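Next, two complexes with subunit A in common: one pairs it with subunit B, the other with subunit C.
On to the complex of A and B.
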C-alpha cells in the first residue's frame, strides 16, 4: 500500500501498524464488512416478501393454505434458528439436485441414497462440476440467503399477521359497507394501514437479522468472523508481520462494528416510525400533526 | 442391538457416561433419537443455570437503570447496550479468547496476609465459560424487559401504597416488585424460550466439545455429516426443542397464574408469549 512497506521486518511503531493494517488480507477483511451489509440488504426484502405471503396465508379462508401459513410460522418459532441455518442449505441443495435428477436423468436406475452417499447423475449436480469457482461460491451464498429468508420470513409473517389484526375492525367494516369485496378491502384498506402497527416488530426483526449475520461463518462463507480468526491467530517469524494471538482484539473490533450497526439502525427506525405515524389515528400520529 | 441397549449405552453420553465411541456406520433411528436427546441435557443445563442466575442480575440492572444516581444508571445502561447490541455469537468468541489469555497456571491473588491461586483453566471449558456468557447475555435482555415493566407500574398503585403508609423497601417488596414482575412476565417467558434456543450456539462458537460431549445440535449436526442426510436428525432436534418450548410455556404459565392470583377470575390474563421484544 505505502512505499515504505517494502521491507516489513525493518519497520517499527506507527509505520509498522500502517503497513500491517493495509495488507492484502486486511483489505479482504474490510471487504467482508461491506459484504455483510450487502447481504442484509438483499435478505431483508426477500424475508419481507416471504413474511407478507405467510401473513396473508395465515389469514386465508381456504383451510389448507391457512394451516400452511400457521404451521410455517409456529414451527420456525419453536426451533432454534441455528438449526435452520445448518439444515436449510443442505436440504435445499439435496432437494434441488433430486428434482433435477428426476427431470434430466429419467432412465437412471440406481438409488439416489446409497448408504451414506447422495448420488445423482453428473448433469443434475448443482452447480455443475465443470462450472468456474465463482459459481460455486455464489451458489453457497445464495443457499445461505435462502436459509435466512426462510427463518426471518416466518418471524416477519408472525409480526405482520399481528399487525393486520391490529388494524381497527371498524375500518374493514366500513370497507364492507361501501361494497368492497374481500380482496379489495384487504389491498386498499388493510395493507396500507398495517405498516405502522408492524413497524415496531419489523425494526426488532431487523436488529435480530443484524445479529444473526455472523452465523454465516457456520455455512463456510468467508465473512467477518472467518477473517477475524484468520488474521488474529498467532503469526510466527515466518510471516511478514509476526505477532502474538490477537484474536481478542479482532473480535473486539467486530463487537464495535455490530454495536454501531445496531445503534444506527435504532436511530433510523425511530425516524421512520415518526414518519409513518403521520396522519394515523393514534397518539403518535396526533403528536406528529401538532409538530 | 436393541433400542434399550442403545439407550443404556448412549443415554448419558453427552456427560461422559456410557459408550465412548459414537456410532459411525449403520446409524439407526434409535441411536439418533437417543444421542440427540442426551445432548439436550446440556441445553437444559445452560438454559436453567443462566436463567436462574440471570434473574437476580436482571432485576438489579432494571433497578439500577431506574436509579437517580448516574453512578448506578450509566454502567447499567452500557451493560445492556453492549450485550443487547452485539451478536451472542461474537460474544462467545470474544469471551473465549479472553479466557484463554488468562495465565495457564492460575491467577495469583495477593490478599495481604496470604496469596490465593485462582484456577482459570475451567473457564475455557464450555460448561463454565459459555454459561458465564449466556448468564450475562440473558441478564441484559431480561434487564431491559424488567426496566420497561418497572416504568409502566401504574402510578395509582404507588400512590395507594404511599397512602397506606408503605415506604422504602417494604413498598418495593410488597407493591412495586410484584407488579413489575407481573407486567414483564409474558416478555420474560419469550426471552426464556429464545435463550434456550441460543444455547445451541455454544458448541458452534469457539468452545470445544471435549471428548465429543456436545449438546443436541452438536449431535444432530454430527449425524447429518455422517449420513449426509439432514432430513432425519434435524427434525428429531426440532421435535425435542418444540417439546422444550412447550414445557417452558407451561412452567412460566403456572408462575404467571400465581402472579395474577389476586385478580378476579374472569379478568385473569392468559399467558401468550408474543415475540414483539425478541432477542
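On to the complex of A and C.
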C-alpha cells in the first residue's frame, strides 16, 4: 500500500499500524463488511416476496394452497434457525445434483449414496468441479441466501398474514359493495392498506436478519466473523506482522459495525412508517395528519 | 438485450474452452490456521509448507489446483460431500479417519506431539489440557486421564493457556515450537514428546481412486529427488525429520 511498507519487520509505531491495517488480508476484511450489507439487500426483497406469497397462500380459499402456506410457516417457525440453516443448503445442493444426475446421466448404474459419499456423475456436479473457485464461492453464497430467504420468508409470511387480518373488515365490505371481486378487493384494498400494520413486524425481522448474518460463517463463507477471527488470532514470526491475541479488538469492531447498521435501519424504518401511516385511519395516521 | 445475451454466450463458450484446455481441476481444501503447515498470509493467500508441497504435487501430477479454506471440524464431511477434492491440512493418517476417507502416502514423516505450559511443574496426566477438536492429540489427551478442553481452532488452544483456562496445550511439536520460541520464556515444553499417527497424508474421497494414484505418484517422486526434504528443513528447521 505505502512505500515504506516494504520491510514490515523494521517498522514501528504509526507506520507499522498504517501498513498493518492496509495488508491484503485487511482489505478482504473491509470488503466483507460491504459483502454483508449487499447480501442483506439481496436477501430482504427475496424473503419479502416469499413471505408475501406465503401470506397470500395461507389465506387462500383453495385448501391445498392454504395447507402449503400454513404448513410452511408453522414448520419453519417451529425449527431452530441454525438447524434449518445447516440443513437447507445441504438438502438443496444434493437435491439439485440428484435431479441433474437423473437428467444428464440416465445410464449411470452405480448407487448415488456409496457409504459416506454422495456420488453423482461429473456432469451433474454443482458447480462443475472444473469451475473456477469464484463460481464455487458464489454458489455457496447463493445457497446461503436461499436458506435465509426460506427462513425469514416464513416469519414475514406470518407477519403479513396478521397485517392482512388487521385491515378493518369494513374496508373489504365496502369493496364488495362496490362490486369488486375477491381478487380485486385483495389487490386494490387489502394489500395497499396492510403495509402499515406489517411494518413494525417486518422492521423487527430486518433487525433479526442483520444479526443473523454471522450464521454465514457456519456455512464456511468468509464473512466478517471469519476475517475478524482470522486477523485477530495470535501471529508468530511466520507472518509479516506478528502480534499477540487481538481478537477482542476485532470483535469490538464487529460490535460497533452491527450497532451502527441497526441504528441506521431504525432511523430508516421510522421514516418509512411515518410515510405509510399518512392518511390511514390509525392512531399513527391521525397524529401525522395533526402535525 | 441482444448484446447482453451475445456477450453472455461468448463468456460461456470461452469458459468452456478454458475448462477443456486444463487437464483437470482439483480443489485443495486446507484449514489455513496451522502455521507453519498452512496459514493465510498477510496478503490473504494460503501459505506454508503445505502450500509449496501442494502446488508442486499438482505440477507433477499435471493437475490444475485451486486452494479452498474450510474449518477443521467440518473438513472431512465437506470433502465427502464434494466441496473440494483433497484435504491438505496437516491431517495425520489414522485408522479411524481411514474408515471414512482415503489417504495417500505421507508427505510429512510421522512426527511428535508435545505439551506446552506456563510453568514446568504441571503434571500432564492430571492437568487441564487444551487440544483442537477432532485431532489425534485430543484423542490422546482423553485417554491419558487428563481433563480435556477442546477448541475449534489451534489458535484458541494457545489463548486458553494464556488466559489460564487450561494448564497445558497438546499439539504437534512443530506447531508449538514458534510459540515457545517467541514467548520470552512464558511458554515452555513440559513432559516428554509423544509419537502419534502415521505421518501427514493427503485425504481423498474413497471413490476417487484415480486421483489418489496420481497424487501418490507425485509424492513418491518428490521423496525420491529430495524436494520434500529441502522444504522440510526450510519450514521446520535443521532438526526437522526428513525422508531417508
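As a working rule, the second predicted complex is superposed on the first by the 291 of 291 C-alpha atoms of A that agree within 3 Å, B and C clash if a C-alpha of one lies under 4 Å from a C-alpha of the other, contacts with A are read in each partner's own complex, and residues count from 1 in each chain.
The criterion applied here is as follows: contacts are C-beta pairs under 8 Å (C-beta built on N, C-alpha and C of every residue); 3 or more make two chains touch, one makes a residue touch a chain.
The shown structure was predicted, so the numbers you read here are calculated from the model rather than taken from an experiment.
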Determine, under the contact definition given at the top, whether A:214 touches first (subunit B), second (subunit C), both, or neither. first
Looking at the overlay, what does A:75 touch: subunit B (first), subunit C (second), both, or neither? first
Between subunit B (first) and subunit C (second), which, if any, makes contact with A:122: first, second, both or neither? neither
Would you check which partner chain A:241 touches, where first means subunit B only, second means subunit C only, and both and neither mean what they say? second
Subunit B versus subunit C as contact partner of A:133, first or second or both or neither: second
Applying the document's definition of touch, where does A:28 land relative to subunit B and subunit C: first, second, both, or neither? second
Thinking of the overlay built on chain A, is A:90 touched by subunit B (first), by subunit C (second), by both, or by neither? both
Which chain, subunit B or subunit C, is in touch with more residues of subunit A? B
Figure out whether A:17 sits in contact with subunit B (first) or subunit C (second), or with both, or with neither. neither
Shared subunit A surface residues [contacts with subunit B and with subunit C]: 90, 94, 116-118, 229, 245, 247
Footprint of subunit A on subunit C - complex, ascending: 19, 22, 24-27, 32-33, 35-36, 39-45, 48, 66-71, 74, 78, 80-83, 85, 100, 153, 155, 158-159, 162, 178-179, 182, 205-207
In their shared complex, subunit B is touched by residues of subunit A numbered 75, 77-83, 86-87, 90-91, 94, 113, 116-118, 155, 158-159, 162, 200-201, 204-205, 208, 210-215, 217-218, 225, 228-229, 232, 245, 247-248, 251-252, 254-255, 258-259, 262-263
So, in the complex, the side of subunit A touching subunit C is made of residues 8, 23-25, 27-28, 90, 93-94, 114-119, 125, 128-133, 136, 140, 220, 222, 229-230, 233-234, 236-242, 245, 247
Touching subunit A in the complex: which residues of subunit B? 25, 81-82, 84-91, 93-94, 97-98, 100-101, 197-198, 200-201, 204, 217, 220-221, 224, 226-231, 234, 237-238, 241-242, 245, 274-279
